[in-house]
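Two complexes follow with subunit A in common, the first pairing it with subunit B and the second with subunit C.
And then the complex of A and B:
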């Protein structure tokens, strides 16, 4: 039954072995050619107070006096021994910075993923039950509006309604100001999650609605569904029985493969809501010329997207037996 | 128990506003214990008769005439159909799960359903391990028998088999036809739609011949013999004479 899983994992492991170094080279070229001067970014407003000798000293301390190729070889050698270097901005090892912030982002992204999956597929199924009806048209219109609304804009609208106007929910951060994780109640933390999660989930919903709807309508008109109908099954029973696998399976695959997009969206959402996650750190690292952190985050994101795609492949095979291949058979 | 089809006709509304009448004036009587066949060339409307009885017509179709069992309209579970195409099997569910769906539709409890499925599997001569297979793992003959099994699970009084031997090797075709022949009983009648005239004649008492959506002949199976001298319509005679085995016999 799961004879296909082993070979799939091996194949993906091999793929990661050449994909990661290739991505690292590309990233390094991009980062080292970025128009941001790391020293200038570091010095900031004190730029007039610092002389050329000091600048040279900083450059030497960071290794910026070496040519890019030498720096890359050094970086690769360090990474191979598990050292991703130190973040310039956070003054801490890159791995520590990422590990500190990744859980907050993961929480945000996975809740948004789950929320958009439930809403997207749910609306898709409801729309498919009565294609062409007023309900169906309303749901499709909603999906079109959602697709055309940028996530950060939705975030700002949500803040202006629920935080500024109604004063129901906090507009920023993961915790009430001045508290630590240990002090804050579960509800206080949950309240801070609501707006960012809703804003982030918005982008993922529309494709799911349309995808699920199309798949479900396709199945309800297919010979297997007709065969069941002919023997007395109601449309509802078919949709929620045999139809779920046909409609939700592909939706699950699409949504898992789209997890990377969600991760990208979290950069915007975290910025708008001042969420202390990896997205916020990405923006700081990029604008502050923090090359080691940027490289670390980019590789972590690569791994995240890679795992998301792999899970999508596994889910597709679990749902649809025709996609499984088993060399032993 | 008897199925009465009177003046069955179909009319499709087309995009250009014209109407297409692929079927008209079809009469058919089917009594318990009987096996009756419908023959005719491709496109004669054979499968449409089955679709009309099952209520599986496309949205732009209009049916005329009446289909009744003992003078009353057909109700849920009265008629079961083993469709022609094996694409009627759900590609994402193993055979056992699909048969269970039909057992549930027939109102059987989980336990009774399991026993019934076991029974039916023997009847259509499929080994139990087939239950765990997915449709894409089945041979054409196995898939045909699984389709037949889906139709047999409920205790429908009328069983319709649409081209049950299409695309199946001769030995399996014999098996399937014999199985169908044995299904008629005091509580059940069988209607077989087929191109397979020789095998159909082996089990059916009467045949209805369709040509271009019209009935051209209804006759007992004995009329199909020799060079077809007892057959009335030239089309039926041509159909019979086109059978290589039959003519030499």
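And then the complex of A and C:
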């Protein structure tokens, strides 16, 4: 039954074995060529207080006086033993910083993922039931408008309406000011999630709507659907009954493969809402010249995208058994 | 009656996509041109800080209002959009060139094909925005960083389409017959390959443009893009957060809306160009 899963996992493991090192080399070249002086980034405002000898001492301690290739070999050796270096800004190991902040981002991304899945497929199915109608055209136009709207702008508009205008929802952070996770009630935490999740879900809706719509139209025109219609089933019953599996399977695949993009969007959403997640750390690392943290985050997102794609492939095979033994895919 | 509706349907199906594409192209390019011309014609003084006109709501003198420092939002939005457009065009040109070069290389040589495959896989391995961010960081941010970052990351989608199309045509019977009849490779490329690829390239170029300007805005928003002293939608929106908190909604609404309209006009144009160039493809 699951004999197809093993070969798939092995194939993916092999792919990761060449993808991750190549990506690491590419990212290392990018980061080490940045015209950011790591010592300058480290000392920050105290730059006038340290002399050239101290700079040399820091450079020697960090191995900055070594050529790039030597530094790369050192970095790889450390990474192989689980040490991704220390973040300059957070003054803590990169792995700790990422692990501390990943849960908050994962919560945001997965809720936004779920919300856009429900909205996207729902609208797609409704549009497919009456292709060419006013409803269908409105939904498709809505999807295209969403693709052309920057998510962070939508976020600011949401703040302007619901936080400033109506004063219904908080505009910032994950918790009420001055409280800790233990103190805040479930509802207080939930309230802080609403706006960020809605803003972030915008990113994923459009492709889902168009994909689900195309799949569902394909099914509604197929002989099985015609057969059901001939027996008196209504369009809605077919679409939400037998058609659901035909449309949801591929939609799930598309949406899982797009989960990585949601993570990209969360960088902007977290900046708007001051959400204490990985996206915020990414922005701080990039603007503050924190090269080790940036490297760590980039590799972590690579893994995130990879897992998303793999889950997408597994989901596709679970839903459509024909794909399981298809070598061409 | 059924015959008449059938006739009507085929007639509209044949003419509509082309007419829609032409209408959308006229709209998109006149919008583009009027923004660039208006921004260039704008007097410098309209962009300056006016301490006596701070926090004004939209009105006759300032159609989009003024911000916390008393700068006219309409004038800044126009200049910013014009900057976005030039970055978008540069990015679309660069990414289209890369896509064409890589897909041609991939069609010519199986070794290069594998290499291009690996490069594509690497580029798609990171979330698109994270990759742009890393490249912009490597070039020190600013105008240079954002242009390079946005320009060299938008090619994979188009290069995949082109590679598939080129390989399908190259393996087709009529190309084999053409070659057997003694036509040179150049003649085949000109007469069989180009007519298939050129419309795809144009549609791809137009579709890259809106993505590029949206990514540029995002990068400027987090402070890694265009320098803050040059008007850009991203920087304006980043600065607008404080104003929005004190109820100045217009500081955020209009710049973003301008960006959405520009992006939208090209998204629509690109979609209809794709439909025109590929009649077998469904609407989605």
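We take it that the second predicted complex is superposed on the first by the 324 of 329 C-alpha atoms of A that agree within 3 Å, B and C clash if a C-alpha of one lies under 4 Å from a C-alpha of the other, contacts with A are read in each partner's own complex, and residues count from 1 in each chain.
The rule we apply is simple: contacts are C-beta pairs under 8 Å (C-beta built on N, C-alpha and C of every residue); 3 or more make two chains touch, one makes a residue touch a chain.
Source: prediction; values computed, not measured.
Student: In the superposed model, which partner reaches more residues of subunit A, subunit B or subunit C?
Tutor: So, of the two partners, C touches more residues of subunit A.
Student: Once the structures are superposed on A, label A:152 by its partner contacts, choosing first (subunit B), second (subunit C), both or neither.
Tutor: Second partner only.
Student: One more residue to check, A:322. First (subunit B), second (subunit C), both or neither?
Tutor: first
Student: Looking at the overlay, what does A:241 touch: subunit B (first), subunit C (second), both, or neither?
Tutor: first
Student: Which of the two partners, first being subunit B and second being subunit C, lies in contact with A:87: first, second, both, or neither?
Tutor: After superposing on A, A:87 lies clear of both subunit B and subunit C.
Student: Check the residue A:223 against both partner chains and state whether it touches subunit B (first), subunit C (second), both, or neither.
Tutor: First partner only, subunit B.
Student: On the A-aligned overlay, A:30 touches which partner chain: subunit B = first, subunit C = second, or both, or neither?
Tutor: After superposing on A, A:30 lies in contact with subunit C but is clear of subunit B.
Student: In the overlaid three-chain picture, which partner chain does A:306 touch, first (subunit B) or second (subunit C), both, or neither?
Tutor: second
Student: Using the superposition on chain A described above, determine whether A:249 touches subunit B (first), subunit C (second), both, or neither.
Tutor: first
Student: Report for A:231: first if it touches subunit B alone, second if subunit C alone, otherwise both or neither.
Tutor: First partner only.
Student: Residue numbers of subunit B touching subunit A in their complex, please.
Tutor: Residues 54-56, 76-77, 80-81, 83, 85, 87-94, 101-102, 105-106, 134, 136, 150-151, 154.
Student: What part of subunit C is in contact with subunit A in the complex they form?
Tutor: Of all residues in subunit C, those touching subunit A are 118, 121-122, 124-130, 133-141, 210, 214, 217-218, 221-224, 237, 240-241, 244-247, 249, 252-253, 256, 259-260, 263-264, 267-268, 271, 282-284.
Student: Show me the residue ranges of subunit A that touch subunit B in the complex, using the header's touch definition.
Tutor: Residues in contact with subunit B: 222-224, 226-233, 241-242, 245-246, 249, 319-322.
Student: Under the stated contact criterion, what part of subunit A meets subunit C in this complex?
Tutor: 18-19, 22-23, 26-27, 29-31, 33-36, 140, 144-145, 147-150, 152-153, 156-157, 159-160, 164-165, 171, 210-211, 213-214, 217, 260-261, 263-265, 267-268, 271-272, 282-283, 286-287, 294, 297-298, 301-302, 304-306
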